[in-house]
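After this come two complexes, each holding chain A, first together with chain B and then together with chain C.
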Partner chain A sequence: MVENNRWGNLFAHLVLILGVTIVVFPVYVAIIASTHPPGTFIRGVMPLLPGPNALENYRTVITEGRSRAGTPPIGGMLWNSFVMAMAITIGKLSISLLSAFAIVYFRFPFRIFFFWVIFLTLMLPVEVRIVPTFQVVADLGMLNSFAGLSIPLIASATATFLFRQFFMTVPEELMEAARVDGAGPMKFFKDILMPLSITNIAALFVIMFIYGWNQYLWPLLITTDPEYYTIVMGIQRMVTGGDSEPLWHLVMATVVLAALPPILVILFMQRLFVKGLTETEK
Partner chain B sequence: MASITMDNLGKVYTGNVRAVSDVNIDIADGEMIVLVGPSGCGKSTLLRMVAGLETITEGTLKIGDRVVNQLEPADRDIAMVFQNYALYPHMTVFNNLAYGLKNRGFKKDEIDRRVREAAAMLEIGQFLDRKPRQLSGGQRQRVAMGRALVREPAAFLFDEPLSNLDAKLRVQMRVEIRQLQKRLATTSLYVTHDQLEALTMADRLVVLNGGRIEQIGTPMEVYLRPATTFVAGFIGSPAMNMLPAAYLSGLVAADAFAHIPVAADLVGLRPEDLSLAPAGEGEISLTGQLMLLEPAGAESHLHLTFEGIKDTIIARLPHVPDVQEGSHLTFSIRRDKLHPFDCNTGKRVA
Partner chain C sequence: MQTKRMTFSNSWLPYALLAPQVIVTLIFFIWPASQALYQSFLRQDIFGLRTTFVWFDNFNRLFADPLYLNSLTVTFWFSVGTTVLSMSVALLFAVMVNRMIRSRDSYTTFLVWPYAVAPAIAGVLWWFIFNPSIGIMPYMLKGFGYDWNHRSSSTDAMILVIIAAAWKQISYNFLFFLAGLQSIPQSLIEAAAIDGASRFKRFWTIIFPLLSPITFFLMVVNIVYAMFDTFGVIHATTEGGPAQATNILVYKVYRDGFVNLNLGSSAAQSVILMGIVIVLTVIQFRYIERRVNY
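Now for the complex of A and B:
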């Protein structure tokens, strides 16, 4: 469709601008709010221009946190979130790559059965199985640890399924050529399958990283030690912790900082990410 | 360099589906054997059994003196060229060629030497840094060939390597592959469904039908003395005409058939053996009506109907005759050009 209708264009742009505004405005408010002194919010009128306290607010959340209210400085929480998100992402990717590889390229008994079992777990996200999973993690002594934070979230039917679909589009002759060329299964996986799926891996990396980063309920349940608080939990504790009014300016500064790493990951992976979503190179 | 011996090879898939049965072929060292047949005749399955990509369920396969039934493809010392080339899309041409050598632990300078040598031989030297998707179909074909060449294997296996190329390139590559094969004198097994490719390239060709060998022989043997009606119909274009023997014997004196055994009830006749010249000594004369004249430049195909025969008979003349469609033409046929078959068994009877 190549239509050059002036009013159509104008209308389309208006809709798009409206959409972008709706998405961007809250982010803007958060950034603005993080630059104002404590009292501004409580007065009930939201300023739309930056205030004078930006540096001070950010310095406070980064260096002090709200220690008296039980919230550590956010540096540690950011690190915890990062470790958890990376562990989940890398774990999910390696497990789903390997299981998809097994399901597509090997003939073993009950292959289809196992595929459906993996597929069925799509219906069991963490929230559904949270109580038994907590019990298991607690019994294994993994409360308040990175292992407890990440391992239960690693199994991923979605990624397995996506990789399976991708592997099935890779021509079988490539595998045969590799066999003739003297590559064993793992060599084929490493030398040919992985490089071919690199764009898919990048796309899933971004999605999984954000999934891991945004985990809230699970870390909230299994961590009681502030050492292992994640940033998303930290935000929540900042709002509810302590006896005073929530210190919105600090909360907003934390929110802005918490949103940064996923954005960085997306920017960093953007080229591959978009490629992975739109094109298949074969 | 090695011979390949297939001894009663057979392939039965699970579910008792039979793909190949009782295949006995001895391929001499340096020989080029072409497996030819219609799609589904088992020729690719047979090739893949030799390659080790399909398991062998019956018989034994020897490459050189080794029984290789249970060996992995990589351990059979063969190299294969695939129909869709199967180049590794993310590797440069150089790495595509080098991959098999790297996996076998060759030294870096040896790999480099062999790759450059093969690339020079195939004239793809200037593409070594490119990715396969930046190459044309013919160039990819050459890279696929190169991947087989660098290995210097005991045997080359070709699985319809030219069928993705356009007609002109196909003829050119056909010649090149054959020249290369002769120069290297590497035992080769070549699968094609194109009978022209089979005739022009083979030292010997093997005609397969329904998983069984119909005939093995040099191209001219197979062409001049097809062993079955299937081979007669498959090899040669346009296909051999089949006439009921009774029809011919009604037309001409009985002694004209003196050399054809009684058992023959079907007679094959190559289109080019019908001649417009007047019948001479020892020749049969037939008159038919011209339904369609197909001029093809240097030659022409005449579609004819003969009274009493329901199939159209095709004659091939080495020129385009000046005749009208619908007119009656008289052809002469040399008696020794008739191919007698038994229509029940489909076998040649003399």
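Now for the complex of A and C:
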């Protein structure tokens, strides 16, 4: 065994505690700021200890929003984000499962061609084709709708590859047995393949949900109607809306609410999250 | 490419199964991309009435445009800064956490969650901390005699967006480095220790070289992240300013297309960006095929 160095361990703990402090600090500051009355931010340095206004601030952002700056109540934006994240996640998972199934369990003309078409999506993130994608969505009349928020983002090469790889490891005998017993392809898919993939599906679900929730550029482009604002993009409106200094106590309350759902997902499903993250990127 | 040894035979079902994915890809990925390619050869007059085919003129103009060249430089420094900062901090944390036995999981939990924070939110958080009038960091820096102001100083603004972008990416790098460290055989390290190599020497001559495949992989992923996923960081905080100091390529495409409505130039920029993504993706995938250990 390698030598055990007490001072070294102490040093490592110190580095890590400092590291964790730095990593946690921004969110700590946000939580603290969201509990203060507006007056705190006019002068001096931002507070580092909680203030008395938490309930009032959160009630304000959830129910009223800042109507003057054009931001609707947060409640609606949270709901929009949730719907968009779920639609993207479920959409990505289902179309990727189906296409991986087709690619692994069938032989048909143009199979490789379709595989490359799906692969191309990796090379064309929204950020590099902003204007023409916007035009397509506008021509299809999908601006300001949940369909427009989610459908253009549900193609997924990574999920398809992951499921393909996983299907390749499923023993051949299972399918032979299913065929001998007279099961058709869809029955095999539903009753054998899906139950076997459930851990992979769950792991990807965590990653995709975070991806969907954190979408920023896309909702920014295609929503002009506050009815459809999602919370992550709504924050930007609060920060830059109006010429004055942002109302920090309300902005930070919104930030906390916007960051909370994906953080909770990671904390409670850490094992699945790590699995999903390390396997999709391989 | 492989299939199963035995496959289902059905003439239409596989196409039906592929249809949703392929249709979405064609409509929302491939068609817009080809449009960008096409538009990059066109130019509209100022009233939008006449469109002319100008061959590579949009590209020539871009590379003669000091603003675009500036944006390239800015993107370069931003990507390098974000990648280096985030990866080195993450490697340090991973090496430290890897020494721990009982506390490993609790430290990991504390270090992974920033992954969940959207880039735009990460930007706003650090923007608040560095706010010149009430932020805590400028207050502390003033104690050291430095007058922080990212509204007027280009360097300060760049440092701010790099910190915000790197902070969010630490968790990702940390998880991969930790997985890499745990896959290094303990016997190698013990052998070196018996031969009298110090901890420091063991790290640089054994652990770090064995980590190099992961380091390279993470480098590509981080560059892609810094170039394409950080739109939110810039848009929610500095908006490219001050004086174009943080105007990264992705943000410039958006500005030129949606705010300045210069479609030809924006399309040409899109095409260049696509070229960059394609090169990076190819590097990433070629490399993954060869990766054996871990």
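Here, the second predicted complex is superposed on the first by the 249 of 282 C-alpha atoms of A that agree within 3 Å, B and C clash if a C-alpha of one lies under 4 Å from a C-alpha of the other, contacts with A are read in each partner's own complex, and residues count from 1 in each chain.
Keep this in mind: a contact is a pair of C-beta atoms (placed from the backbone, for glycine too) under 8 Å apart; a residue touches a chain by one contact, two chains touch by 3 or more.
The model shown is predicted, which means the values in this text are computed figures rather than measured ones.
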- Query: Putting chain B and chain C onto chain A via the overlay, clash or fit?
  - Reply: fit
- Message: According to the stated criteria, A:K187 is in contact with first (chain B), second (chain C), both, or neither; which is it?
- Response: first
- Task: In the overlay, answer first, second, both or neither for which of chain B and chain C A:L55 touches.
- Result: neither
- Task: Look at the residues of chain A and decide whether chain B or chain C touches more of them.
- Result: C
- Message: Under the stated touch criterion, which partner chain does A:V45 make contact with: chain B (first), chain C (second), both, or neither?
- Response: second
- Message: Just checking: does A:N5 make contact with chain B only, chain C only, both, or neither of them? Give me first, second, both or neither.
- Response: second
- After lining up the shared chain so the two structures overlap, which partner does A:M123 touch, if you call chain B first and chain C second: first, second, both or neither? second
- Message: Let me test your reading of the model: by the given contact rule, A:F115 touches which partner, first (chain B), second (chain C), both or neither?
- Response: second
- Message: Output check: A:E176 vs chain B and chain C. Expected answer is one of first, second, both, neither. What do you get?
- Response: both
- Nearest Cα pair across chain B and chain C, whole Å: 6
- Residues of chain A contacting chain B in one complex and chain C in the other: 176, 179, 281-282
- Message: Looking at the complex, which residues from chain A come into contact with chain C?
- Response: 1-3, 5, 8-9, 12-13, 15-16, 19-20, 23-27, 29-30, 33, 41, 43-46, 48, 94-96, 98-99, 101-108, 111-112, 114-115, 117-118, 120-125, 127-137, 140, 151-152, 154-156, 160, 168, 172, 175-176, 179, 184-186, 188, 210, 213-214, 216-217, 220-221, 232-233, 235-236, 239-240, 245, 248, 251-252, 255, 258-259, 262-263, 265-267, 270, 273-274, 277-278, 281-282
- Over in the complex, which chain C residues touch chain A? Could you list them? 1-11, 13-15, 17-18, 20-22, 24-33, 35-36, 39, 89, 92-93, 96-97, 99-100, 103, 107-122, 124-129, 131, 133-136, 139, 167, 170, 172, 175-176, 179, 189-190, 193, 199, 217, 221, 228-229, 231-232, 235-237, 239, 250, 253-254, 257-258, 263, 266-267, 270, 273-274, 277-278, 281, 288
- Task: Would you tell me which residues of chain A are touching chain B in their complex?
- Result: 171, 173-174, 176-183, 187, 191-192, 195-196, 198, 281-282
- Message: Which stretch or stretches of chain B touch chain A in the complex?
- Response: 51-53, 72-74, 78-80, 82-84, 86-90, 99-100, 103-104, 133, 147
